[in-house]
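Below are two complexes that have chain A in common, paired first with chain B and then with chain C.
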Partner chain A sequence: MPEMPDNVILSVKNLKKHFPIRKGFLRRSSGAVKAVNGVDFFIPSGETLGLVGESGCGKTTLGRVIVRALEPTAGQILFRTSQGVIDLAGLGKSELKNVRSHIQMIFQDPYSSLNQRMTILDIISEPLINFGHTRKECEERVSELLDMVGLNPRYMQRYPHSFSGGQRQRIGIARALALNPSLVVADEPVSALDVSVQAQVLNLLMDLQKQMQLTYLFISHDLSVVRYICDRVAVMYVGYIVEMAGTDQLYSKPRHPYTSTLLSAVPEASPHIPWNYSVLSGEVADPAADRQGCAFAPRCQYASDICSQEIPSLHDVSLPGEDGHYVACHFADKIELEGVS
Partner chain B sequence: MFFTQNPEDNLAINDRQKELLEEEVDETEEQFYYATQWQLMWWNFRKHRLAVGCGILILFMYLMVLVPEFIAPYEPSTRNRRYANAPPQRVRLVSDQGFHFRPFVYDLTQEIDPETLQRNYVLDKSTIKPIRFFVRGVDYKLWGLIPSNIHLFGVDDGMLFLFGTDRLGRDMFTRVIYAARISMSIGLIGVFLSFVLGLTLGGISGYLGGRVDNIIQRIMEIIRSFPQIPLWMALSAAIPPHWSPVRTYFAITVILSVIGWTNLARQVRSKIISLKNEDFVVAAQLSGTSETRIVTRHLIPSFMSHIIAVITLAIPTMILAETSLSFLGIGLRPPVVSWGVLLQQSQNLYALTQAPWLMIPGLFVVVYVLAFSFLGDGLRDAADPYGGMKR
Partner chain C sequence: MNKPVENNILEVRDLEVKFFSDEGTVNAANGVNFKVPAGKSIGIVGESGCGKTVTAYSVLQLLPSTGKITNGTIKYQANDGNVIDLTNLKSESRAMRRIRGGEISMIFQEPMTSFSPVHTICNQISEAIMLHQHLSKQKARLRAIEMLELVGIPNAKRRVDEYPFQFSGGMRQRAMIAMALACNPKILIADEPTTALDVTTQAQVLKLIQGIQDELNLSMILITHDLGVIAQMVDHVYIMYLGKVVESGSVYDIFDRAKHPYTRDLIQSIPKLHGARGERVTSIAGTVPSTYKLPKGCAFHARCSDMFGNICRTETPLPIEVGSDHYVSCFLHSREEGKNNARDAR
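Let's turn to the complex of A and B:
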């Protein structure tokens, strides 16, 4: 049985997901998009880990591999259940069904994530039915769930088209929680919503976390949202994690040049504080290319020879008094970077 | 039973977050909220007046061909020596004696033009033949079961040719009605066959993907790359001439659908591929839904309405194909009557110049095809009632 520390619920090791590029009449594979290319991270039980990064860096793919909507190309996904630690990456179809109830997903698009042709009751009870609950139990449970997410259970016979984006997202959350999961992967759960509704849904997620002892992997490209909800943050760049640390630590004392650049792109909340943003030059690395060194090296002002020759590994660089600050940079100890207050 | 924590905590959230939903809604909105996809589609479809009208017309036509023996006054192969190439008789209400409440026709008599030696029909104004409904006429067995001799309309003695007669004196109206049965059912059966083929192969192709998809796609491309008419001709030339009319009829339907399924299969495949990646399908997979349930509860209901519209638009193609084949003399053959067969007989100069009524079957083809096209357009527009709904 695989090992991991007792307080950790999910630990991902060297996870890869490559999409083959197919060409020609016979659809032969020629190269691959390396959407997730050697990701390491872990989440302590009951915490929220934020996963941030530019669009296209592989966040969604990573999330979907973890919930096993996609098959990983390589690596381990260690997950703690009441029966012990299992490696999700190695599970076949029938074994997967048994762990499905423990890991659920909340989707970005509140429109395409609900089947418009089913009533709210049918949508939320689908997971319950799959795990052998009777119709009557479902109805009870659905009304309980709707109540929890702040919707009136009276409307369970309605169709999704009668609800607004925010309300639909709540329905999606209710569905994800139906089976009492321990880990929820939320893929940009608020980025499709109006700003006014975003806060409501974020608060709901935090309340539910307390109530049901949930662990979240919270994917977002919005740094302010991540700062609001996450205990720790992992920064992703073209298929791998460049830095992971506690939220305050990462925002105030970033150790990877990419993190620092990302942070500087967030405008200051007050007009009196001058906004020092550094602009990234160069192109985002091509996820289909073979990588020799650090993927960020071509755009990094601190890069030197070693950066384009050797892939930096994600290692612990915590100073005394800090806990768990991981960076994948050859010069993490040598450079001074600016964070945000 | 589901929660370890006390229910008071849940309430705390609800008080704060209970949203707008409490507001009162009026009844139509209420109805809208509980509407299934079919209701929404119907409300959308109803707005297309033309499509609704065409739908009713088509329904009416199919009801008619269910009982051609009753609708038609005669039998399609009965010859009337005295009335070869007779023009359509006009239905009248006014005679020399004044107004009649019952519509009537004048009898026709033949005259030979002394100069040109051409046979002409003249109206015999002395004989007023009132048209009666539900008259007794030739015996028939409805659907081979119910013996009867009641016809929808007719005249007591003498003849009634609403659409005139052909070279052998056969009543064109009767023939058009009987032909409608063959032509209109060939469209339905042909589309049904290609629907079954297209749904299965397109569904497998889209759902499984990979190797299987690749093979099915290549086969479809090969079939589609043949020019249609020569392919039809080759296939129907292969039908043995001694086959009974019924067997030929089925062979032709099969030929038409063997070619027609590829279009449908492509539509089904592309729908399935795009649906398979929709979040709600992924969500269903993640909650442990079996593949059968995903297909039957999520995929099929989501593309069915679209497929119905595609099928409706495919029916006219089928009927045009049958008509073209028969018109070219390589489809159905007499004594079977289809619209194509009837048109084939009007394929001469005499018909064009002297007996234009022989081309009435063409009018029926046009009406039928147009009606289906308009209906299909309306259905297609209504097929996705959620399209414009994003708020």
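Let's turn to the complex of A and C:
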């Protein structure tokens, strides 16, 4: 049985997901898009890990591989259940079904993630029925769940179209929580919502976490939201994690140049805080190309020869008194970067 | 009627827009007032459905056929010095076409769908230039290249002949800006120009708009739901809720001295990048009501934590000046005065 520290619920090791590019009449594979290309991270039980990065960096793919909606190409996904630690990456279909109830997902778009032709009752009880609950049990459980996410149980016979975006997202959350999961992968759960509703859903997620001892993998591109809800943050760039640390640590003392750039790009909602963003040159690296060195090197102002020749590994650079601070940069010890207060 | 609007290049008064459909009438804008001082940028903020996009479309007469401006004026100080009420112009009229794209131009939210996929970038930018500036095809092409260089498209001479799908999202949005600015407009309307973009690309595009604005002395109307963008980009802010401006003031008035409960809650409900974790953001209860059936009284009363009496439910608050050029429509700030104003108005 694979090993993992006691307080950790999920530990991902050298995880890869490559999508083959097929060309020509014979559909021969001519290379691959390396969406997730050697990712390592772990989440302590009951915490929220934020996964941030720009579009195309592979954060959604990573989330989907973890719930095994996609097959990993290589690597390990160690997950703790009551029966011990298992490697999700190696499980077959039937073994997987037993684990599925422990890991659930919340989706970004509250419109397309709910079936228009099913009532709320049917939508939320679908996972329950898959795991052998009777119709009657379902109704009770659904009403309990609706209550928990702040919707009136009387509405369970209605269809999704009669709910607003924020309410639909609550329905999606109720569905994810129906089977009492221990890990929830939330893929941009609030980015489709209006500002005032976004706060409601964020607060709900935090309350539910306390109530049900949930662990979240919170995927988002919004650095302000991530700072608000996450205990630790991992920053992703073109298929791998460049930095991971406690939230305040990462925001105030980033050690990777990409993290620092990303933070400086966010316009803060106060006219008193100046917006000092130095424009990144060049475009995002091609995830299909073979990586020689650091993927960020062509755009990095600190890059030197070694950066384009040697792939930096994610290593612990925490100073005494700091919680684990992991960075994949050759110069993490030598450069001074600016964060936000 | 044609008295000059002092210093204001655009002045919208009491704008009402309605959409007529089988299910009923949508009141998209219910008396919107704002003005754009020459060379300044204003921001219109609000959640989806508050009428901010409809307001912008009305200025350019771009409303779909089901939408109608039912009341109000949009006074625009044209290039020749005359003040024109744009609501009097027909959408397809020669005068309107001259203004639209020539004197007032627009950047749309989705850069993929707002370009035609079957024409090259060169064709699309030079079409506008040829129409408005009466240049030859060759000259228009040169101007298009010049504009693409201005917005920082690398290798513009070669890329001008590419199709929109060959551009990345950020580049498409920059090409859109190039197109909008190609005819030297006086007013630029940017409707959620960076909502579809990543943070670093957003920063790049906004910094570009800022630079060009300073350089060309453009007036700008920036429409967005992102208060961060607003705080960094504009001078004067209009907060909209359900088709009405509920508060307006300088960017400092809004962020430091917000008077309307909606503005205050909206600002408090966004998580901050700066500052320690752990403080809960306040959320606004409920959701935005349907625009088919507007609530009576103050449109925000059902969600307002400061509602203090019957008056909020029954009467419509009028704008009250609470500071220099800082207006708020809320009875909290002048219960008596508000009541009287409301009475006078009826």
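The working rule: the second predicted complex is superposed on the first by the 340 of 341 C-alpha atoms of A that agree within 3 Å, B and C clash if a C-alpha of one lies under 4 Å from a C-alpha of the other, contacts with A are read in each partner's own complex, and residues count from 1 in each chain.
Criterion: a contact is a pair of C-beta atoms (placed from the backbone, for glycine too) under 8 Å apart; a residue touches a chain by one contact, two chains touch by 3 or more.
If you're wondering where the values come from, they're calculated on a predicted model, not measured in any experiment.
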First, second, both or neither for A:R175, with chain B first and chain C second: first
Examine A:Q211 and indicate which partner it touches, taking first as chain B and second as chain C; both and neither are also allowed. first
If you stack the two complexes on chain A, which partner ends up touching A:Q167: first (chain B), second (chain C), both, or neither? both
Just to be sure I read the superposition right, which of the two partners does A:S196 touch: chain B = first, chain C = second, or both, or neither? second
Chain B versus chain C, judged by how many residues of chain A each one touches: B
So in the superposed three-chain picture, is A:V67 touching just chain B, just chain C, both, or none of them (first/second/both/neither)? first
Touching partner for A:Q301 - first (chain B), second (chain C), both, neither: neither
Is A:N7 touching the first partner chain B, the second partner chain C, both, or neither of them? neither
Give me the intersection of chain A's contacts with chain B and its contacts with chain C, in residue numbers. 164, 166-167, 200, 203
Touching residues of chain A toward chain C in the complex: what are they? 54-55, 164, 166-167, 194-200, 202-203, 206, 221, 223-225, 227-229, 247-248, 251, 261-273, 275, 277, 279-280, 283, 340-341
Write out the stretch or stretches of chain A touching chain B in their complex. 25-27, 64, 67-69, 97, 100-101, 103-105, 107-109, 111-118, 126-127, 130-131, 141, 144, 147-148, 150-152, 155, 157-159, 161-162, 164-167, 172, 175, 178-180, 200, 203-204, 207-208, 211-212
Quick one: in the complex, what on chain B touches chain A? 2-3, 5, 9-10, 13-14, 17-22, 32-37, 40, 214, 218, 278-280, 282-290, 293, 297-298, 301-302, 386, 389-391
Could you please specify the touching residues of chain C with respect to chain A in the complex? 47-48, 168-169, 198-204, 206-207, 225-233, 251-252, 255, 265-267, 269-277, 280-285, 287-288
